[in-house]
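Please find one structure pasted underneath; my questions will follow.
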Amino acid sequence: MSAGLAVHIEGLSKRYGKGESAVDALKEVNMSVAAGEVVGLIGPSGSGKTTLLKCLGAVIEPTRGRMTLGGDLIYEDGWKISDLRELRRDRIGFIFQAPYLIPFLDVTDNVALLPMLAGRPNAEARSRALELLKALDVAHRAKAQPSELSGGEQQRVSIARALANKPPVILADEPTAPLDSERALAVMLILNQMAKQYQTAIIIVTHDEKIIPTFKRLYHIRDGRTVEEAGEGRALQ
Amino acid sequence: MKIPLTLPRQVWFATFGVALLLALGWVATRSGPLAPIKVTITRAAKGEVGPALFGIGTVEAQRAYLIGPTAAGRVRRVLVDVGDTVKVGQLLAEMDPVDLDRRVASAGAAAERGRSAVKTAEAQARDAKSRQEFATAEARRYMDLGRKGFISQSVVDGKLQEQKSADALLAAAEAGLAGAQRDLARLGADLGGAQQQRDNIRLYAPVDGTVTSRDAEPGSTVIAGQSVLKLEDPNSLWVTSRLDQGRSAGLRVGLPAEITLRSNPRKPLAGKVVRVEPISDSVTEERIAEVAFDRLPQGASTGEMAEVTLHLPAISDALLVPNASLRFRGAQAGVWLHVDGHLRFAPVKTGAEGFDGKVQIVEGLKAGDEVVVYSERDLKDDSRIKVVSSLAGKTK
Amino acid sequence: MISLAGRDILQSWSKFVLTGLGLGLLIGVTFTMAGVYRGMVDDAMVLLNNSGADLWVVQKDTLGPYAEPSSIHDDVYRGILGMSGVAQAANVTYLTMQVRKGSTDIRAMVVGFEPGQPGEPGHLVAGRRITRSHYEAVADVNTGFAVGERIRIRRHDYTVVGLTRRMVSSGGDPMVFIALKDAQEAQFLKDNDAIVNERTRTATNPALNRPGVPGLLDAIEESQTNNHSVNAVLVRVAEGRSQEAVAQEIRRWKHLQAFTREQMENILIAKLIATAARQIGMFLVILTIVSAAIVAFIIYTMTLGKIREIAVLKLIGTRNRTIAGMILQEALGLGLIGFAVGKIAATIWGPYFPRYVLLLPGDAVRGFAIVMVVCTIASTLAIRAALKVDPATAIGG
């Protein structure tokens, strides 16, 4: 049952290559995330977590399985959505290892870009961006160029960008890897706050020991298989 | 795209863009075929024009003399050289007499002999005369005697016959005398001829003058008519000037002239036209005028090039425009009138033109009309123009 | 939607503008080359127009007087003047030679003309027309002479009394106008050494130097140094008469050839300019290819520098055509700057070229279109690279 779930994956498999040299990166993965929930996806490198993220992000095509996103079926042994780009734009937010802001757009436009691409008028897109920037406490840098921001500020702007089109799910790939524990926990706090505020599901791929204890629920992935676990759920300030 | 004014980057870029656009616009309208044609203007004004004629010529002597023998011969001596001044009658050169002296002597001897022949003939005539008189008297006496019957008729006849023969002898002797006298005359003429021929080997100066050329040296053979020396009168130098037929209106004797010799171009000399040749050169289409110097220059040589300017009487109160403003539509001369910023081609009739480039307009313009003088390009009725003060060129 | 291309250009505007400047200079060179060709054609047209002639009568079987040497007698014009349909006929001579001023000399085409007749320059930019029948000259400003200067042509000194503009030969040499007789002498009379040599040869020829005929040698020497030839007769046809008809009439004279204005245009452009035109055409092609390569390289480099951003953009949902549009717009923007700079540069440095450079507005429009097309094609390299980027690469590890 996937109603009410932001993300629901059943039996997702991904095989690279054919015949003898085929590699099964994902084997019958199951995963469910509710709206507003922050879950962690942890595992050693080569375990397939990046592959899973790419499948969730609709950048690679799985081999088999079923995926729903925000209640809509997007994959069942084949894409059910014709325009994946639109899907990514409107329904999935991305946060990368590095902020990856567009250097020739100012902070506001970096965030407003996605709504603009979705067809929103510029003024509306910008006001939405400003709202998010305020929420992330970087509104005072709204007119600055990305190169003028500190690493932490850039990270927060990239989070705002991910939220700009109000997607049901945000995929975060090692967002705290380059940060120290204070900042890492600060980011986790923000993510939790945003998840609750905007009822967005956030799946965080990480192997950062500093933040793993904060998750209430975790998925362990090893050799392409996932195991659901309860997390420590340590409180954040 | 909003361009917030506070960002300097946008301002810089915008400034650059605007500057580029302005430059492009300037380029399009100011230069190239779209730009207006620059012209200069002047007003037609009354003034004086001094028309003049111009020609080039060579300095020549009015009269030049070829001194040479009348018969072929060898030059014996030449007494003068180029540049010498000679007087009339002066001996200049002498031909080799060859056998002329002997011929004169032989003619003289022949004449002498003729004189003797005449004397002989005279004596013979006298002798024949006396015989004839005697024979005549004798014949008369015998006829008388015959009539009286003292002698026979045959004796009378014989004496008559003697008388006749004496007459004949007298006639013959007189004829012989006449012949000898004519012979003497002939020989005398021969002698005269030989003497004159010998005299002709002496070449004398026919006038006062300067020797300009020495054409044969002693020992060279010349034929009749060939020159040994050339002479000319240095006071008879003038400039034989050639003027274009098309630009020689007003040429007449007496016009004052300015002569500029090639050898001394900075000091023009005064002169005047003394003759206009009745025969012009139809091949070069030039008229020929002889211009004499008022004062003969020192050291002028014949054959030297000269430029001659003849001044015609000035015309005052003429409407003048610069000749650079004349344009031609086909054969029709005209000017571009500048009226209210527009151009109009006005056909004109021109009159005299001065050397300074001012040309008189006889018909077609009035004083104060603005005419186009210089233009960058050929003008048409609808050309867009821009009046400037000068186009190009600095005067030195 | 904002303009991604605009923002990118604004971000690195100095680099963009400098590249545009460099490209612009290259485009300016291209415009100038095309302008040189147009200038050569215009030189030929101006040469024909300024002569004021409708027909050119030259030596039979030649393409003179500009393309080939032509020599006819100077009294031929009288016969032509008498033909029906002929309004004016005048002798002209043309000779390209060195004209000395002081210690320098320049190459010029010396034109001998008759005042008031076809062949005289139509308009002046300084000074006055020739008023004396000898030793005055009107020169083109390209000679560098000023009014009042003394110049030397062969044996005589001339005073420059007037200046003209755009009077050049088809080879680009500026013209100097002098009286016809002076020009005939300049063209046909040899230098002193040659004359003395000629005289000596004639004097040693016993057939010509007969002692029994005293004036013979002088008469022969006189005829040797006389010059009664001209290069062409310029004819103006009467109103309403057909040029070709009059030309046909003249051609019937067995020793003459006559060309109408159209035929002269053809001779000058098709024959004289043809080789230069081909050369310039090749240059234009090469320059266009070079410009295209430069634009392609620059845009490609700029795109490669943004590969990561392009991957991110693609991942977060930017359409391929938006990204391709950004690259194309940048290429076109570069082309726009290059075109503007090129056109301005060509206009500014055009007058300093030794040959006349003519830039027509139509050429500018055509040039603009070509620049835009070339930039579009050049951008395809970068667009292909951008489209090949896999958005998955943004998700590292």
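We just call them A, B and C in the order they show up, numbering each chain from 1.
Methods note: contacts are C-beta pairs under 8 Å (C-beta built on N, C-alpha and C of every residue); 3 or more make two chains touch, one makes a residue touch a chain.
Keep in mind that what you see is a predicted model, and the values were worked out from it rather than measured.
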Fill in: Nearest-to-centre chain - CA centroid comparison
C
Item to complete: Would you mind checking which chain's C-alpha centre is most distant from the centre of subunit C?
Response: A
Discussion item. Suppose each chain is reduced to the average of its Cα coordinates; what separation in Å results between subunit B and subunit C?
Written reply: 49
Fill in: Approximate Å spacing (C-alpha centroids) for the pair subunit A, subunit C
69
Worksheet item: If you average the CA atoms of subunit A and of subunit B, how many Å lie between those two points?
Response: 117
Discussion item. Could you pull out the residues of subunit C that touch at least 2 other chains?
Written reply: 2, 10-11
Fill in: Parts of subunit B lying in touch with subunit C, wherever the complex brings them together
1, 9-10, 12-13, 16, 20-21, 23-24, 27-28, 31-34, 54-56, 222-223, 225-227, 243-244, 246-247, 283-284, 307, 322-324, 326-328, 330-331, 333, 353-357, 373-379, 390-396
Worksheet entry | Sites on subunit C touched by subunit B in the complex | 2-3, 6, 9-11, 13, 17, 49-50, 52, 75, 87-88, 114-116, 120, 122-129, 131-135, 141, 146-149, 161-163, 165-166, 181, 211-212, 214, 228, 236, 239, 337, 340-341, 343-344, 347-348, 350, 358-361, 364
Worksheet entry | Contacting residues of subunit C [partner subunit A, same complex] | 1-2, 4, 7-8, 10-12, 308-309, 312-319, 322, 390-392, 394-397
Discussion item. Using the touch definition from the top, list the residues of subunit A that touch subunit C in their complex.
Written reply: 45, 50, 53-54, 57, 59-60, 85-90, 94, 96-97, 100, 102-105, 109, 113-114, 116-118, 122, 145, 161, 173-174
